[in-house]
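Pasting the structures here.
One chain, chain A, appears in both complexes that follow, with chain B as partner in the first and chain C in the second.
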Partner chain A sequence: MPDPILEIDDLRIEFRSGGEIVHAANGVSFQINPGETAAILGESGSGKSVTAAAVMRLLQSPPAFITGGAVRFKGQDVLGMPIAKWRDYCGREIAMVFQDALTSLNPVFSVGWQIAELFRAHGVAFGRDANARAVDLLNRVGIPDPALRAKDYAHQFSGGMRQRVMIAMAIALGPDLLIADEPTTALDVTVQAQIMELLEELRAESNMAMILITHDLGVVADVADNVAVMYAGRVVERGPVSEVLARPGHAYTLALLDSVPRANSLGQHLKPIIGSPPDLARIPKGCAFHPRCRFATDLCRNEEPPSVAVTPRRIAECHHVEAVFNDS
Partner chain B sequence: MSRLTRGYVTNELNIMTTAEQESLIIRRGSPWWRMLLRDRFALVAALWLFVLTLCFLFGPLLFEDAATKLNLRARNLPPGSLEHGWLMYLGGDALGRPMLARLIVASRNTLAIALSAVFVAMIVGGILGMIAGYVGRSVGHVIMRFADILQSFPSLLLAVVVLYILEPNVTNLVIVLAITRLPIYLRVTRAEVLEIRERVFVDAARALGGSRYHILRRHITPVVAPTLLTILTVDFSIVMLAESSLSFLGIGIQPPEITWGLMVAAGRNYLSQAWWLAFLPGLAIMMATLSGNILSNWLRVVSDPEQRWRLEDSSGKKSGQTDA
Partner chain C sequence: MASFLGRRALHSAIALIGLILAVFFLVRLTGDPTDLYLPIDASLETRKEFAHKHGFDRPSAEQFLVFLKDVSNGDLGYSLRKQRPAMELVLEAYPTTLALAGVAMVLSITLAIIVGAIAAYKPGGVFDRISSMASLAGASAPDFWIAITGILIFAVTLRWLPTSGVGDLPYWILPIGVLMLRPFGLMVQVVRAAMLGALSSAYVKTARAKGVGETAVIFVHALRNACLSIVTVAGDLTVGMINGAVIVETVFGWPGVGKLMIDSVMQRDFPTVQATIMVTATAIFLLNIAIDFLYVALDPRIRHQ
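So, the complex of A and B:
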């Protein structure tokens, strides 16, 4: 086993505002190996994006406070490192793509300028060389007529093209880990597929590791090697995608899979997960999922579930792993 | 049905391609001077400011003597006659000095004082505002309270006190005027920075390794700058008038130095007999301000990539988004 490139260990994040404490992450543990694609799957508000922001050290404190846990990138402690030193890693070795590419590009500079600026700011290339590299990158992410389009501004691109530009910036300095925070959520379905394809292609080319944050089960099944399912700020199940999606070990994963509409029989009703995700300021006692869970017993209502090794490579935090496993 | 649909789609695709080609041509075919030629108002404003610049640079050199030469026969001479030479075309002042020459010579002091005061205020206020907005809470608090104190102090009183203690020369005048205008720039910058720093592209820049200084310089300043420049042009007139009221109180620029404000103040005594003494320098102030305003408005549109098309294409069509 190689050393993991990124290790998140029992990460806890709180947002404090107006006397209320919102527990956005309650002991997130997760790791990813070099060259691997890992997905973090979860509903809105399950803590996936907050975890990514904490790793990149983008959280504003206050209101966000990291109250426990550790993040290690290539064996180095991220959260304790001076911020200036961490910013040196950012872009060069670890990079991030955001959900909405229009707002993540500066509106007053042309995209070519912005990509070239990345080279200049990191002292990699200057002048014409930086511009030429920017055009190269645009070409690499599949922007037609790159030399001409480099002079355009973000608002002159379509959603898919903007996301390509953003991806070009993220991979510009050849990072070893790319965090993609819902990169396709703002796009329509056909473009989503193209962007995922592009990301996967670029990842394979440079053997970069990728963390894909998403709520799209289809995307996870297509590209990820491993998956971590998050609920109410915890990773409730993690393991290889093929195993987890084929036979979930946690009641929540099972419910998620059941809620996906299938096209194999006509007139079937959708099976949504009843209820809504918990208020993170008032997370239910015991297992956070118990109010919505069909397997729930008194045990779930009172005691936090243990981590159960479903198979050697899989962990699920559920009192009823057996029952769920047999049901699926 | 399906053939119809297909026909429609093809048609639309054709249209989009032409529009795209057009927009490509437009997008790359407009240097700034051509955009200026298209906008009549901005053009006139730019020409007027160019004339003022000439007055500023060469006026005192050419007309210094003429502007101070007394001619008692031309006292309060009404404008519009060439009888006493072309310099007297705009009339004569209370001591018979030619108004035109005085207006030209006064442009240097007036513009120099007003411009340096607003620029000093903008730069200092902008920097303090950025620090207050971006760097820290405690530092920010100190800066904001400092701004509060400046703003709650009547600016005229401040000017009177300072100029009473210091000598009322051009440098001190600029400092005083800049200090009184400072809080506006400071507050606006801070408010803008607080908003911009939350935008995703700032996060994205941080995620790709942008340092604090880099983000302030490359991502925040360019977005704040157009707002500050707009305030600057409005402030420009306020400062010119403030300077004239200081001259009026006798603690601003002292005769024989002249400024437009001082000329307005001097002309006030003769309003009932010779209105042009106060009106003409007032008009000069107004026209300089108005030109500045119009040109800055034009500049704001040109410097905003999302607005620029308004000036680029005479038919007023937006260079549309091209599709993936």
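So, the complex of A and C:
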């Protein structure tokens, strides 16, 4: 086994505002190896984007506070290092693509300027050289007339093209790890596929590792090697995608899979997960999923579930792993 | 762009005509200049002669038509006080006011951007609280009172600065300080609010994720966006500075347009009052056009509409 490129260990994040404490991450553990594609799957509010923001050290404090755990990138302690030193890693060795490219691009600078900024900020290239490299990147992510479009602004691009610009910025300095936070959520379905294809292509070219944050099971199944399923600020199940999706070990993963309409479920009712995700200021005692779970017993209502090795490469935090496993 | 400018010019022309009408007739309500310009025991003959010479014996409507005709020929009349073309007086006074207002505006915008940006960087922090309080005080303090108190403290009691007049640096400190106070206070609040919004935006996150240094994040990415609202308010404040200039110039005996305006009103020097106001109104019109251009230059989204 190679050393993981990124390790998140028991990460805890709180948001404090108005006397209320929102527990956004409650001991998130996750790792990814070089060259691997890992997906973090979860509903809105499950803590997946917050975790990514914490890794990139983009959380505004206050209101966000990291109250425990560690993040290691290439063996280096991320949360403890001076911010200026971490910023030097950002863009160069670890990069991020955000969900909404329209608001994530600066509206008053041309996209070419914003891409070239990476070269300037990291002292790689300046002036015309940096601009020429920006044009090359636009070409690489499939933007027609790149030399001309480099002078345009974010609002002059279509949604898909804007996301391509974001991707161009992320890969500019050939990072070893790319975090893509719901990169296709804001896009049309047809464009979604193109963007995922582009990401996968670029990833494979440079053997970059990629963390794909998404709530889209289809995307996970298509591109990821490993998956971590998050619920109420914890990774409740993780393991190889093929195994986890074929036969979940956690009741939540199972419910999630059951809720997806399939080609052979024509004419049947959809099976949504009943109830709504927990209020993170008042997470239920025991297993956070128990109010919505059909396997729930008194044990689930009172005690936090242990981490169970479903198979040697898989972990699920559920009191009823066997029952779930046999049910699926 | 040409049609936009044309529309803008038309609106301004209409406003200017309204303004001239109002000024022309209102200033005549202040009384008869003859009383002020002739000795108290002047004979009726002399009075009539004076009124006739300046056209005050004709009906106001007729006076107005004559005035319009003169204006269209570029003639704004003679100052009653100085016996010189009113326009000459105004143009003489303008550079002094522009220097005063220009320095005050540039200083208050620059300082407000620095203070507002630092305050917004750590909202609720010590610096933010102090600067919020100070800027609120600055924005609310009545400038005539600050001006007189300033003279009392720094000129009369401490004798550090001259009481009034124009000269080298020490003469500028009090007038500029007083003139800056209100725009600075307001601008700090505007910059703070605009920067607060910009700093919590998604594009600032992107910039940080790219590894852009914090100074560039604040003063390039965030400030460049905050500029859009800063320019709007700064434009209004620059226009409003004319008001401030009237008070400051009067208190500090600064020979600018503000003082000229007040002196002319006091002396019922109608042609000079009219000329000052027309030139000032035109300057404001030009300033507004400049702000529009600046807007277009600053925001590519407007440019491409």
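Here, the second predicted complex is superposed on the first by the 327 of 328 C-alpha atoms of A that agree within 3 Å, B and C clash if a C-alpha of one lies under 4 Å from a C-alpha of the other, contacts with A are read in each partner's own complex, and residues count from 1 in each chain.
Just so it is clear, contacts are C-beta pairs under 8 Å (C-beta built on N, C-alpha and C of every residue); 3 or more make two chains touch, one makes a residue touch a chain.
Everything quoted here is computed from the prediction, not taken from an experiment.
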item	value
Chain C versus chain B on the shared chain A, clash or fit after superposition	clash
Touching partner for A:S259 - first (chain B), second (chain C), both, neither	neither
A:G160 touches, of chain B and chain C: first, second, both or neither?	first
Touched partner set for A:H122, first chain B, second chain C, both or neither	both
Contacts of A:V191 with chain B and chain C, given as first, second, both or neither	first
Partner chain in contact with A:K151 - chain B first, chain C second, else both or neither	first
Which superposed partner A:S242 touches (first chain B, second chain C, both, neither)	neither
Residue contacts with chain A in the superposition, chain B compared against chain C	B
On chain A, the residue positions that both chain B and chain C contact, one per complex	53, 56-58, 84, 87-92, 95-96, 98, 100, 103-110, 117-118, 121-122, 153, 155-156, 166, 169
Residues on chain A engaged by chain C in the complex (per definition of touch)	53, 56-58, 60, 62, 83-84, 87-92, 95-96, 98, 100, 103-110, 117-118, 121-122, 153, 155-156, 166, 169
Residues of chain B defined as touching chain A within the complex	24, 27-28, 199-201, 203-211, 214, 218-219, 222-223, 303-306, 319, 321-324
Contact set on chain A toward chain B in their complex	53, 56-58, 84, 87-92, 95-96, 98, 100, 103-110, 117-118, 121-122, 148, 151-153, 155-161, 166, 169-170, 172, 191, 194
Interface residues, chain C side, partner chain A - complex	124, 200-203, 205-214, 216, 221, 224-225, 228, 298-301, 304
